[in-house]
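Contents: one structure, followed by commentary.
Note that the chains are named A, B, C, D and E in the order they appear, and that numbering of residues resets to 1 at the start of each chain.
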Amino acid sequence: MDSYLLQIFNGISVSSVLLLAALGLAITFGLMRIINMAHGEMIMIGAYTTYMVQNLFISFLGERYFDLYFIAAIPLSFLITGFVGYLLEISIVKRLYGRTLDSLLATWGISLILQQLARNIFGAPNVDVRSPRWLNGGVVVFGNIQLPYKRLFIILLAALCIAGVYLFLFKSDSGRRIRAVMQNRSMAESLGINTRKVDSMTFAIGSGLAGIAGCALTLLGSIGPTLGTNYIVDTFMVVVLGGVGRIIGTVAGAAAIGIGNTTFEYFTNASLGKVLVFLAVILFLQWKPQGFFSVSSRVLDE
Amino acid sequence: MKDVLKVDNLCACYGESIVLNDVSLKVEPGKVTCLLGRNGVGKSTLLKSIMGLVKTPKGSVCLNNENIIKLPTYKRAQKGIGYVPQGRDIFPQLTVHENLILGMERNGHKKKSIEEEIFELFPVLKTMLDRKGGDLSGGQQQQLAIARALISEPEVLLLDEPTEGIQPSIIQEIGRVIKKLKNRGNVTMLIVEQYLEFVMDVADYFYVMDKGRIVMEGKTEGIDPHEIQEKIAI
Amino acid sequence: GCSGKVEEPVDNKPGTDTSAEDTIKVGILHSLSGTMAISEVSLKDAELMAIEEINQAGGLLGKKIEPVIEDGASDWPTFAEKAKKLLQNDKVATVFGCWTSASRKAVLPVFEENNGLLWYPVQYEGMESSPNIFYTGAAPNQQIVPAVEWLLENKGKRFFLLGSDYVFPRTANKIIKAQLSAIGGELIAEEYTPLGHTDYSTIVNKIKTAKPDVVFNTLNGDSNVAFFKQLKDAGITSEDITVCSVSVAEEEIRGIGAENIKGHLVSWNYYQTTDTPENKEFVEKYKSKYGSDRVTDDPIEAAYIAVHLWAEAVKKAGSFEVEKVKEAAKGLEFKAPEGLVKIEGENQHLWKPVRIGEVQEDGLIKEIWSTSEAVRPDPYLKTYDWAKGLSD
Amino acid sequence: MSDSILEIRNLTVSFDGFKAVDGLSTSVKKGDIHFFIGPNGAGKTTLLDAICGRVKPAEGKIIFKGMKDVTKMSEHEIVELGIGRKFQVPSIFMGITIYENMELAAARKRSLYSTLFTKLSREQTERIQDVLQKIGLYEKRYRTPAALSHGEKQWLEIGMLLVQQPEIMLLDEPVAGMGRKETDRTGRLLKEISEKCSVIVVEHDMEFVREYADKVTVLHEGRLLDEGNMHKIQQNPKVMEVYLGRGGEGCA
Amino acid sequence: MERNLRYLKGSIFKGRISANDIIITLLFVVLALAPLFLSDFRTNLLGKFIAYAILALGIDLIWGYTGILSLGHGVYFGLGAYCMAMYLKLEASNGKLPDFMSWSGQNVLPWFWKPFAYAPVAIILSVLVPAVLALIIGYLTFKNRIKGVYFSILTQALSIIFVVLFVGQQAYTGGTNGITNFKTIFGFPLSGFSTKVTLYYVALGFLILAFLFCRWIVQSRLGKVLIAIRDSENRARFSGYNPAIYKTFVYCISAGLAGLAGALFVPQVGIISPAEMGIVPSVEMVIWVAIGGRGTLVGSVIGAILVNSLKSMVSESFPAVWSYFIGISFIAVVIFMPYGLAGLLNQIKGKIYAQKAQKSVKRYSSATLNILEESGCDEYVG
């Protein structure tokens, strides 16, 4: 019984990790139509940023303030990864709008370069990020189910990010501007919107969110040059299953894949779990080719 | 009188093919000027060049005596040019309301809400505020595009075939509004139109284009529409 | 379009090609990119260091060793291609390389076809003994089997087997299962996760539910980091359930974070803390060459001694020719950082001491048990009754 | 009823509850140029969408030649039956030349086999040449349509329909954006076409309608408002109010 | 060779030799002569690239011409390769159980391995198995109108499914190791020089056949239908073509070619492992075509051979910089020559033509030139 309850929690937790990792992609891919194969490397940059923040805290502030490093690392991961995203946008990605497939190729190239850079800067082996002490342990419920603080924290972080993204995109002027630009660039410009600025800010935000995901992932797994490759396909699946261009779809997609994965894995094994989830996604798409939340359109050839 | 908009020796091209050849034209403030011509002579291209949406290797576009040929499109829009393109480029996934609000982008959302006047002109939009722009019918989209441009209160409004696909009664209504705005004297328009009768009714001045050049111009007052019709038809 | 070449039996004499110059080429074939780079890059470093040592000491048979480095890119066909290139194109005298058993299996036919020589430096699942390969890592009876014995005696009978989904863990677990059923252990569960798997919450939940005495861990690569971090978060410490790993060494521990794995066990032949004079010197050299933050570990040491063993064999043979070197290598002894090792002529594996260790707070490993002497390699487990039927 | 080529019976199309077409029944006679007019948003385009299979109606039938209910068929099957469609926004293939566009439209057989193994007949190629001349794109036939103006694209799309030789042609605002002269040319073309084929046209250009309509159906809010010849329609005060405007038709 | 000449002659007689025809003929001649100048090792490598080129042709059909981006072609390549590998393994095992099966505790040969003891069956299946899988997947997805990015991601999922399955079923597939350690092919020793050269020419022969086959397809009306579908699928539907059928057809052809490439790859390389079915190789395959120039068959052949040759050479001389090199080249190609190498040629040709023809416009327009301007994203908006 406990085991089932814990498994439900695990499902939610895995979903929250996926959501966090996919949220940035929901923007760069879902809205901007850039098949950003370097998204995983943005996550990696966030993770390495956290690593560096940790090291800086250790070298300059000592053990006493060590636990605070993570608080600083979250916004810094966002900013630094966002800045890298910004640089990529103004140098490469800006030439790829409207060329969705080409964007895949170019960003694949970017991802190779970033991985190799990480290897050259930080070395090929994994690096260790110590979690802050206040995230060690967990709350014990129902006697002996321990819900790790780290996982609770990630769920909270994912919820905050999704709320932030929702408010930003759908309730703010900038959000409206972003959506307008993504739908019809030249018309948006004709209405007086500086599309270049909107483009690069949007891409930076999408990348920054990946950075936050990377920061969160340091709590759970390994930080190495190939960190991102583990997440790239799953995150694309999340966005596609939910419906490209729909933020709410991304939430639903993450939930479905996360919970599906842990459930299948519990009753079979990890390999089969993954196969079954992906098979289920493929079958689901046969039935609903546009995912959970499709963007309907009267336009003849979307 | 001073011209709000002045185009001089403008050339425009798509890739290697040159579409506009040394086009010059002037638009006086508070006046409605219209641009006539057969299909494919470059009327839309001229409006796009003024907006900065196509390459213009040669010539100048002056807004209030300032040459804006080097400015990016959005700056031109911010300087006061409104544009309703042919093919009603609305934002398909945004609601009608959001589409309209975007009209206020150029003057930085100074006004907070959409004026009733717009809805008087296009009553159908008021009933569809929450529908997605892309779901509207062709004519409704056209109305939305015009409404959006009017909301931005531009100094110069470029309209590319605004009556295309709109039902007759609303065309009349648009005609009336244009005249009303003209009488108030606070809007200047350059209209591309095929619908000659409509144009003769609202315009003060006209240009006729053929194969990327201006081939005829004049005041609409007192001119025989048939004369223009013939010139266009050549 | 046929050229005038005549078909002849494969017989390229390594060394003959380069004899005019005063260098002898050797190949180094590891994954320098892709997922396995994490582990293999350090092996390359260790091998280069050994080559440098030999060159500084005057080279081999009057020649300087010139390493030709190739990137297997974590992709098995690439390994095969690069092996071919090293043997056919560069005509290297020998190759040091590979990590995963998969890459070794991929290059094996290439070495046999071209009569090349490969020195393979990583512990593996056994059941193999190619005449063209020298195995300097542990055979199962030098790592897995003694570890299981020790655990049964000291930790308990209920085993939970966890591994990455590929040949080494699967074969290792097959051996362990046979061993458990023969000497009274109990198999609770057997779980595999794909290489690179990152979420272990479900597995940890299964472990928690099953309450085994021991988790025998054959996970490889990144997955270990995720597994140990998530195990600790679930509130399971080494006191509750002991995890014994055979693919986690000092290098991996750095990525896992010592605080996450502290107290858990590992089984290897060598640790950075191994107390021999040779090791002191080795660790010092390695750190001064590659940085004081680097650590040495078992595969690094095995890669390092592979180069020296080859050099010794060459000296003894007085030739670089594969057949002569192989012959000379038989029974060769060498004072390695892990202690005295000896090449077993019969199967070209090494006699090695076995050590079980516990991970310390500082990320280093403290030996808590060891065999008094080097153990004879037995890749087919012929000396164990319960292992009958495993090897065919 | 034997001379009706298309029967629309109690057709309803709804989008999330909004009925764009609402219980519409009418029929199109063989050889007629049948106009559908009505205010913006009346449901005209939606009606054409339903006929050619783009949207599936919630209710009702569309019977082709008294036998087949096309609401159950997929788009390409409907085309093979002989129903051709021109869209409101011109849609043509940008990656192949104008000539190849015509070729694809002209082919009688559209199976995998025939596209691989058969060539167009002499008659078909001649027809293509002919139509290209007629729509004034002969000179540009080896160019890709990307370089055409809006009006030219409209013509190309009509041209593709012409070589397709359907039994019914559905045209959505074919003269939108065309000048007077081109409009007349299009009209004459329609007359010519209607000798062999029925034509359904949606238009807002009243002059055009008056000139060429055999029959006019007025839609309003998805329902039938009036039907008959143009003269009769023009007299209907309700039509004037919702569609034509106070000043009668147009504003000339 | 002979075929080559005939093809060349045919073109001359029809009086329409294009630059592309000349290039490809030259290329085939060079490939035919290459073994005379290359070492065994290099010839063998080139033979592998030729197998890749066959696969690239298939990707070009489905992507360059039809606009469907498959990121799972590794699966079809792998299936073809496994079919062939099963045959070679059985031949190498001399009637005994293949070695990896015994390690994995398998005692009898599984039933589905049995047909692969016969060479002709194995060869046919290596094309048929991928094609049939593609038929099933293609028909379902295309009929259900799964398009664009959705399809691409779906094929990625497919790729992962196959990799995980093949890795997990060690007793039947050899697991992560894959299948390796072959000895002979049709009784000839794989290590023999003449076997290797023969394999090389067999691969080249298949490449030429595959090229002619693809060329025939794209020059037929069907080729135009494919482009039409790429540009505007719905419009094609309203012109009476059923896109699902056409897409499924090319998808199958493409998968079959990939399978053939796999079957030619295995005896030359000596190993096939599940990783070859993964996403990374699948994306790389697309990239060969992109660099060579999509929508021109010549481009895909050049791309496959060139990128792989570079990969071998650069990674030999500077293993660490290969990643930078290849990464930067992808970006550069996409940005500066979006039509790839073959497109570059057409661009230049187009410029020259445009200058010559000045205003009177009867410009050469193959399918390639306008692809990107107009379509590109259209296919991909949800």
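As a working rule, contacts are C-beta pairs under 8 Å (C-beta built on N, C-alpha and C of every residue); 3 or more make two chains touch, one makes a residue touch a chain.
As the structure is a computational prediction, the values presented were derived from the model and not from experiment.
Student: Determine which of the two chain pairs, A-B or D-E, is joined by the larger number of C-beta pairs in contact.
Tutor: Top pair by contacting C-beta pairs is D-E.
Student: Using mean Cα positions as chain centres, tell me which chain lies farthest from chain B.
Tutor: C
Student: Approximately how many whole Å separate the CA-defined centres of chain B and chain D?
Tutor: Centre separation, chain B to chain D: 29 Å.
Student: Cα centroid separation between chain B and chain E, in whole Å?
Tutor: 51
Student: How many angstrom between the C-alpha centroids of chain C and chain B?
Tutor: Centre-to-centre distance between chain B and chain C: 75 Å.
Student: Taking each chain's centre as the mean of its CA atoms, how far is chain A from chain D in angstrom?
Tutor: 47
Student: Spell out, as numbers or ranges, the residues of chain E touching 2 or more other chains.
Tutor: 164, 167-168, 231-232, 234-235, 320, 323, 361
Student: In chain A, what residues contact two or more other chains?
Tutor: 115-116, 245, 271, 274, 295, 297, 300-301
Student: Give the residues of chain C touching no fewer than two other chains, as numbers and ranges.
Tutor: Residue numbers touching two or more other chains: 32-33, 165, 192, 194.
Student: For chain D, which residues count as touching chain E in their complex?
Tutor: 52, 54, 74-76, 79-80, 84-85, 87, 91-97, 100-101, 103-105, 107, 110, 112, 114-120, 140, 142-144, 146, 160, 164
Student: Show me the residue ranges of chain A that touch chain E in the complex, using the header's touch definition.
Tutor: Spelled out, the residues of chain A in touch with chain E are 29, 33, 35, 37, 92, 95-102, 104-106, 108-113, 115-116, 120, 233, 236-237, 240, 243-245, 271-272, 274-275, 278-279, 281-282, 285-287, 289-291, 294-295, 297, 300-302.
Student: Give every residue of chain E touching chain C within the complex, in rising order.
Tutor: 1, 32-33, 35-36, 39-42, 44-45, 48, 100, 102-105, 164, 167-168, 170, 175-178, 180-182, 190-194, 197, 201, 269-273, 275-276, 312, 315-316, 319-320, 322-323
Student: Considering only the defined contacts, which chain E positions touch chain A in the complex?
Tutor: 63, 69, 140-141, 144-150, 152-154, 156-158, 160-161, 164-165, 167-168, 231-235, 279, 283, 286-287, 290, 320, 323-324, 326-331, 333-335, 338, 372, 376-382
Student: Residues of chain C touching chain E in their complex?
Tutor: Residues 1-3, 5, 7-8, 10, 32-33, 69-71, 73, 75-77, 80-81, 84-85, 88-89, 100-102, 105-106, 108-110, 113-114, 127, 165-167, 170-171, 174, 192, 194-195, 392.
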